[in-house]
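I've put the structures underneath this note.
Okay, so chain A shows up in both of these, paired with chain B first and chain C after.
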Partner chain A sequence: MTDDVIRAVLAEHGRLAVDVAALDPDADLYQVGLTSHASVNVMLALEDSFDFEFPEQMLRKRTFESIAAIRAAVDGLTRAEVD
Partner chain B sequence: MEEKHDSFRVGVDLVRVADVAETVAHFGDRYLRRIYTEHELASCTGVPEVAAASLAARFAAKEAVLKVLRPAGARPDWRDIEVHRDEVGACEICLTSSAARLAAEAGVTQLAVSLTHEHELAMAVVVAAVSRREVRVA
Partner chain C sequence: MTAIDLTSASVVERAQRISEDVAGPNAEAVDRHARFPVESVEALRVGGLLASLIPVDLGGGGAGIREVADVVAILGRGCASTAMVYAMHQIQVACLVRHGRTPVLAAYLREVAADGLLLASATTEVGIGGDVRSSSCAVERSPGRFHLTKEAPVISYGAFADGILATARRTPASPASDQVLVVCRRAHTRLEQRSDWDTLGFRGTCSNGFTLTSDDDDAYVMPDSYADISSQTMLPTSHILWASVWLGLATAAVDKARGFVQAAARKSPGSTPPAALHLAELVAVHQQLADLVQSAARRYDEAWGVDDREVVEAMGFVIAMNALKVSASQLVVDIVSRAMQICGMAGYSNGSPLSLGRLLRDAYGAALMVNNDRINANNAQLLLVHRER
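Now for the complex of A and B:
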């Protein structure tokens, strides 16, 4: 479910040069066209989708480098919201 | 007194103006308030196309600054890197909070910025004077 939402966000806001549906979860998103500005769009869209806000310490290139990395960040933040 | 420096770093970044215009249209104030300072927003006026180009140039400047600061971990909040525009239109970089700390750690003593934009693209170049030599390990 989470991966589906992440892929939908990337498809709409990532401006990637490849088909997001076919992307390996560990594929480097910067290598397939994710720019710094597009990553801001992805961040804001993820915040809308999951109803949280990325804290400053998570604003690093690594957070958005792959679907798996985004998944880990989302899982961490949604767990923090529950706790 | 002349400030001593040992080396320079250069950062450059390029942003599509249409991308910024679309982001403003989609996320509106949330995007603007998250990325730009009050001063920057006050500097980026005019018709939407012109404002978007000015915003895009400032986003490029923030990214160019990050390229000279080279953060190893978390990057500073975008608003900690401000493009300050004076009355005659000259721009300079003002760093606060974590961006200022990163600059101090890197030995950056001065920053200079130049912005430009055309209809489609906006670009920024940042030059940093660094006060100590980088140690390179073979």
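Now for the complex of A and C:
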């Protein structure tokens, strides 16, 4: 479920050079064309989809380097809200 | 010219001697003829200042970014083109120091230190329109080797450089944003000049356009992605050292304004010259610029000292460094303009000791070399998500 939302956000806002559906969760998104400009749009769409705000310390390149990394960040933030 | 003892003095003292005795006296000729400041760069080489930022264990001076920023500002007070060449060289050195952690690249840094090599940069590309985070050219590899051809609209002092760090796509199949940084050593690189450098200011940087072709061992393709090198090292170092150049040239303008006011005061002791009030205002603005540059250098120096990626990878750090560039590049124009107001016709005249023409022309380059509009647009995008901790 979470992965589907992340992939949908990347497909719409990531402007990647590859098919997001076929992307390995650990593939380096920057190597397939994610720019810092597009990554901000991805962050905005993720915040809107999951209804949270990324805290300042997560706003760095590494947080968005792969689907798995984004997944870990999203899981951490959504769990924090449940707690 | 007095003989300069370039071995015993401190880095800052050596920089002061070079600025006052070599760079300053040649600044007008460098500007008039748009020629490379050969004698200043040679003095920097002989004085060991080209190797300041290289760690001691690799044969360098082991200085931090703050000390280098001070050197740049001191040089900028004498000749902004010399200071800019020195700054751009140190930016390349910084990238190698922090991201060249392979035996081959460490050996190259050792050579840069031992031989006093001068490094230049080829980040912009014809057809890309100034976006240094995109490349069209690509690294082509064959076993153990690389080939690169790049159409560079400017390579500052390219004709005088011993090595050029060039951006390119990682592979011919890579997207435009997936870049690497390639060390193009002079013996393995050909430059064909494509355009001239005839600008209002920074004329001595000789930033002609070239077609660069390089074939070498693929160990000279730096291992880190350019995205990381850019955000963690090249961008902060560039903004701090460029701003230090502007601080230096702003200081030169204040020197002239102060000279004018004090000369007037000596003619009529007891009555404060009208321009003295403007000098007080000018010095306040100069202090803003000095404190802005020095606090940014200190902030980066502290992160650099402990190799703190957490600090330099944070979005807030990028925003702060971008804001530094925009603010400093505006303040320098303000400062030189105020100095002109104080010096009046003496500042406006060419050839007068108080002439501000060169400083004014140099100052206007600050907002354009990486256009402030582009930098503000980057910050505007980042501020859509950034929040203070």
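Observations, loosely collected:
Assume the second predicted complex is superposed on the first by the 83 of 83 C-alpha atoms of A that agree within 3 Å, B and C clash if a C-alpha of one lies under 4 Å from a C-alpha of the other, contacts with A are read in each partner's own complex, and residues count from 1 in each chain.
Everything that follows uses one rule, which is that a contact is a pair of C-beta atoms (placed from the backbone, for glycine too) under 8 Å apart; a residue touches a chain by one contact, two chains touch by 3 or more.
Source: prediction; values computed, not measured.
Contacts of A:E56 after superposition: both chain B and chain C are touched.
Using the contact criterion defined above for the overlaid structures, shared-chain residue A:Y30 touches chain C, although it does not reach chain B. With both structures placed on the common chain, the touch criterion links A:D3 to neither chain B nor chain C.
Of the two partner chains, chain C is the only one that A:A17 touches; chain B does not reach it.
Set against each other, chain B and chain C touch different numbers of residues in chain A, with C touching more.
By the touch criterion defined above, A:L44 lies against chain B and chain C together after alignment on the C-alpha atoms of chain A. The residues of chain A shared by its contacts with chain B and with chain C are 35-37, 40, 44, 56-57, 59-61.
Those residues of chain A lying in contact with chain C across their complex are 16-17, 30-37, 40, 43-44, 47, 53-57, 59-62.
Listed in rising order, the residues of chain C touching chain A in the complex are 133, 170, 174-178, 225, 227-228, 231, 313-316, 378, 381-382, 384-389.
Within the complex, the chain B residues that touch chain A are 13, 15-16, 19-20, 23, 26-27, 30-31, 34-35, 59, 63, 71, 73-77, 98. Of all the residues in chain A, the ones that touch chain B in their complex are 15, 35-38, 40-41, 44, 56-61.
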